[in-house]
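First subunit A sits with subunit B, and in the next complex the same chain sits with subunit C.
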Partner chain A sequence: MIRALHPQTLRLIALGLALLAVVLFFSTQIDNYLSPRMFNRISTSAAVVLPVAVGQAIVVITRNIDLSMGSIMGVVAYMVGEALVLWPGLNPALVILMAMGLGAIAGSINGILVAWGRVPSIIVTLGTLALFRTFLVEHGNARTITADALPRWLVDLPQMSLLSLGGLDLRVTVALALAACLIVGLALSRLRPARKFYAVGSNPDAALMAGINSARVVFLAFVISGALAGLGGFIFLAKFGNITVVAGMGFELKAVAAVVVGGVSIMGGSGTMLGVLIGTVLVDTIDNSLTRLPWLSEFWRDALLGILIMAAVTVDTLASRSLNRLKRRGGE
Partner chain B sequence: MKMKMISGLMLGAGALAGLMGSAVRAEPIQATPGQEVNAVLLPKFLGILPFDQANRGAQEAAAELGSTGKLQYIGPTPENSAAGQIEMLTTATTQKQHVVMLSNNAGDQIAPAAEAAAAAGTKVVTWDSPIPSGKGESFFVAQVDFGSIGVVMADMVYDLTGGAGEFAVLSASPDASNQNAWIEAMKTTLATHAKYKDLKLDDVVYGNDQSEESYNKALGLVDKYPNLKVIMAPTTVGIVAASKAMQDENLCDKVKVSGLGLPAEMVSYTLNGCAPEFALWSFVDLGYLTYYASYMLATGAIKGEVGEQIHAGRMGDYTIEADPGREGARRILMGPFTVYNKDNVEAAAK
Partner chain C sequence: MVPVLELRNVSKSFSATAALKDMNLSILPGEVHAIVGENGAGKSTLIKIMTGVHQPDTGEILVDGHARHLPSPQDAQAAGIAAIYQEPMVFPDLDVAENIFVSNRAKGTWMRWGELYTEADRIVQQLGVTLDVRRAASGLTLAEQQTVEIARALSLNVKILIMDEPTASLSAHEVARLLAIARALKERGVAVIYISHRLDEIFKVADRVTVIRDGQHISTRPIADVTEQGMVRDMVGRAIDAFAMKQAANPHGPVLLSVENLGRAGVFQGISFDLSQGEILCLAGLVGARRTDVALALFGIAPATEGRVTLAGQAVAITTPRQAMDLGIAYVSEDRRKLGLAMPMPIFANISLASLGKLLRAFGLIDRRAETAMAETYRNQLAIKSADVRAEVGKLSGGNQQKVMLAKWLETRPRVLIFDEPTRGIDVGAKAEVHNIIRDLARQGVAVLVISSDLPEVLALADRVLVMREGRQAGLVPIAQASQERIIGLAAGQGERSAA
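== the complex of A and B ==
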């Protein structure tokens, strides 16, 4: 049976096993861990990171990186909040579109500089990370967007569930993040033009030979990542309500961690959205569970987070290697 | 010989008496307006309300004193706070600014830069958050007595728990020197007064002044300690995030949030009962007093020594004293702070 499986699928199975191991470990350490409450805590927390991680994955697949996503998130959360304070009657769907549109504009600046300016993406986005944040500082003028100035529907959105099964909620914010992941995942695996992201990432020269306009593909990747950072910004605004200039800070690194743990090759050309989803959930589960460990002091938490992420990646690598071996043996 | 010694002693005693007399009689030192003071107000980072308010106060004082120099409000962006502060302090030194007013976010790492500034003639006055070792700093303009913040924090927990129960602290970062000092002061208060014997501090966690981290940490505390009654957050970011988390998860009846917060950000949570009580001081006044003291230091009107008394415009008289929390360091104590609840929060939020 294992013979029929694609190496990518094996990877996902290994990643799922790592997540299972982590959950089992914490359930022996924390009282009442396997509860609907814990599920809701982790799912809503991961929902803020997931869209950003999906956007990051697309950029990484093209052999680039986007370090400005946290700053884009902050700018979008602030500006959309501002718009809602001015026009509380805005249609919710329009608000989400606006958030993604603003993010896409910011992303296109990155895209132009990387794709046609030929500046390495790590330099460009390190620059725009500071640039977008500075823009926010200037634009915000030290005013805070507060939850009580926002329309009721937005403040209540984090508690709203699409459906609830025995206490397990599918909250609206979680559904939004999952929808983004699903749409991008389906597009990347089913749509022919979307395969160009992989082509450009795995071998830019070959892609050029094959007549792919790689500059346009890279540009598009940054626009999509900006738009998804914008969606993350919208969820951030809904969840926290109180937006200052520090909003979204550090999310670019959370996203990179989720993407790498999720099995997207940092060398470009490979990775799946299901992997990114599991990676995001895995990192977030470790993070949120560590704060609930009774015997762990605050100062060891970050160190242990790092160790557990490395352990998860190791388990994933070893497991997918041995599954591959099993597959080869099965094939003889 | 003997006579000489006695007369010498008497002379000494007389001189001492004279000194004491002058110290008692001393009028507070007045600032001479219209001098050139180039000053830099350096907050932890730019773009949030409390620091902006402090700048408003400093600008007000500068206008009042008619300084012919420039008062610049510059600071790092939030993602570059500690490193940015050190860089900007060094730049201010090479620009030969007369005085830098610093709300320190870089712990003792900034001390070498502050010492270099002092050696080159740029005075460093801290406000809001001091340099822990006091090295390189002339004095610290303290918003309130750090010991009394400890008492206020303990009292708010006492009120909200009804005198007995478990609580936890959600702080900013593990190396924020002001928050750490307040938490220590609160622990001392809890340990030394019988009134607080039934309050139990379960844990101290850090949200690093990030909304999502503080939000998740607050929920983590609730899950970890089922009998938790109060989350005490002595940081304006933490208190809002914790309040929102309790509201989102319908926990406000069970767990109350308190700490230090801005009325404008807290008003809805105070009125709906999630955070019935919190405290803060005026950042406008803090900026005003800091500028007055810095102006007088830069113009040589004061030397920054213990016992010097200054007159700070509309705020009245203040004395430089030894800082009880930091050996060898000096402070000017502003105080007091206001405790906000549903009766006064709306007026303050406007």
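== the complex of A and C ==
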């Protein structure tokens, strides 16, 4: 039975079960956990992480990593906020495009260095993680963008719902994040050129021999991941309103956790956006629920994120190894 | 008939070494054209030039009679040239159909999965193979992966398919199927360039045979005009320069290492020989004959699963390198970069690495003065060209790196010393020096096993030659009866064609 299922499908089922178990556990620990309020709280929080995780997933599929996403988010959130303070009349669609454009520019710096400079992505993006943040600190000069300086529509945006079912809202920010995830997911499974992301991450040598321009594919992955970090930055700005120079800090860790927990292979070549979506929700549910546990210190949340990443990869390695063994035995 | 692919006076050098010299080659549409040559004759470079991986220094490439420039594999594909290799190039995470169409730009932007699978299925069936196109490529056998690669080439409508040693790792059954595929391709008008060491396959499948040697074109003949003897003569015909052939075996002492029916499941089997103190035994054979695996088994890296090893009269079962070292066996690897040396470390640290125990003083600290002295001794003895033993090993020439690696193992005072391709990639002068060192060691009573693909080297060093073919012992020849023709004949399975 197990053998008949595709390993990816199996992983998604396991992930869904894990999410269910986590929700059940917290519902016994926290009063009023299974309420519309909690749903809205977690969904709006996950909406900030989701675009970033989706971008991270594309990069990881090509066998790279983008550690600078949190900094890109911060820069974009701050600069878009500034622009709105200066020109409050800007068209909302234009603002979103601007956020993604700014992110794409930052991402292209990573992309050029990794794809054509041949510097390992972990080094490049560790460098730009610090560089973009320092740029923001210099640029921001310790000033904070406050919600009352921002246009009304943006401040109200997080409370706006597209539709509502018995108190469960589909907020606009959540819809935006889901749309990004859906579009990328469809593209990766249906768009022929997008399959090259998988090909490059799966076997770079074979990609070269098959006539695929790996450098261009990797560059594109970083540009898209930058743009999606920009979208994350915009949603961050809308959600919090008050933007300081530490905005977006630590989101790269959340994104990597969501991606890895969501079953994207850290060795590249495989992963689905449905997995990333569930991974994001799982990570963010845990993150949000832990703050409600009175007996747990605030500082343990980061540690738990770290443990979650390691556990996901370990379980994945062990599971796929024993699955392979099962298969081999079945084949004989 | 206009050749579908033609090379005119193509030359290619890598730094100082000329890999191809004025190579001429002409491939006709719908023929199976075999290319044969010894290891290092320039076949790989030739393939890389035809597939756009390397650019020729001089000369031109014509496709369908028109001069073409092939700056990348992409351009070669666009010109209708594709290649499959001994190690297939597939994407393990993608399924078979996706692997087939991965670089196919003619298929539009959106994936229509149903259509994709139907078409993949059709192509696979054309090859006369049954293969589930929805399976992930990671679970495929080598032969199936090759089929996927051939299908990929077919989907691109290639005119020329290069097969580089496609059968080196296949079973007899799979070989038969591959040859059938090659014939099927020919029927469809695809020109197949078939590169193989196995003469029997060439006689089964080829229409014409080109022999290359030392980067030069030697002959192209229709298969009907070719004899095995003639082909082998063309392959080895070079004047034997640089080293004198050894006339008779050196006198040597009692048997030290005795190997009986050694084997490792699925890799090699039935290897038997005695090695005496002071004797040099060479393991000859073609690439893929599994010679290195015998060495890895004796050194405990990939232990033998069958057979008996006796060392100095005692039966031993070697399962780890540590154990082999304690028994007095040393293995000088062919892969200096990966398995042999710590490139960023200085000479002295590399030399002392395998025998640090001797240098330990109080509190387990290394005696740096003794370590340096040890390195200095070898620098003088082996003439390692470096101003200082503190120099980084990575900065030395290949020949000097080889000497450093040798020093490391000599310091362990081995009784049995295994050399794997001891002179690969080093210049002629250093080669002669390494040969002298090996002869000196034998004279001092070390039992030496040398794996070499360089036939003149084998004939210059060996007291006896063990020839391997496809994981089996093809012959054990005393030096007095050895010749290049005899060794190549055994290694390529000459004379077995009529039997097969």
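Here, the second predicted complex is superposed on the first by the 288 of 332 C-alpha atoms of A that agree within 3 Å, B and C clash if a C-alpha of one lies under 4 Å from a C-alpha of the other, contacts with A are read in each partner's own complex, and residues count from 1 in each chain.
Here is the rule we go by: a contact is a pair of C-beta atoms (placed from the backbone, for glycine too) under 8 Å apart; a residue touches a chain by one contact, two chains touch by 3 or more.
Everything numeric here is computed off the predicted structure, so don't read it as measured data.
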Fit or clash between subunit C and subunit B when superposed on subunit A: fit
Partner with the higher number of touched subunit A residues, subunit C or subunit B: B
Included angle at subunit A between vectors to subunit C and subunit B, based on C-alpha centres and rounded to the nearest 10 degrees: 120
Which superposed partner A:Arg37 touches (first subunit B, second subunit C, both, neither): first
Partner chain(s) touched by A:Met209 [first = subunit B, second = subunit C, both, neither]: second
Which of subunit B and subunit C A:Gly269 touches, first, second, both or neither: second
Touched partner set for A:Ser27, first subunit B, second subunit C, both or neither: neither
Contacts of A:Arg192 with subunit B and subunit C, given as first, second, both or neither: second
First (subunit B), second (subunit C), both or neither touched by A:Arg292: first
Three-chain overlay, closest Cα atoms of subunit B and subunit C, distance in Å: 30
Of all residues in subunit A, those that touch subunit B in their complex: 32, 37-38, 41, 45, 48, 71, 129-130, 133-134, 136-137, 140-144, 146-148, 158-159, 236, 239-242, 244-247, 249-250, 287-288, 291-292, 294, 298-299
Residues on subunit A engaged by subunit C in the complex (per definition of touch): 189-193, 195-196, 198-199, 201-203, 205-213, 265, 269-270, 327
For the subunit C and subunit A complex, residues of the former touching the latter: 51, 72-74, 76-78, 83, 89-94, 98, 102-103, 107-111, 139, 152
Complex contacts: residues of subunit B adjacent to subunit A: 45-49, 51-52, 77-80, 174, 204-206, 209-212, 215-217, 219-220, 223-224, 237, 240-241, 244, 248-250, 262, 264-265, 267-268
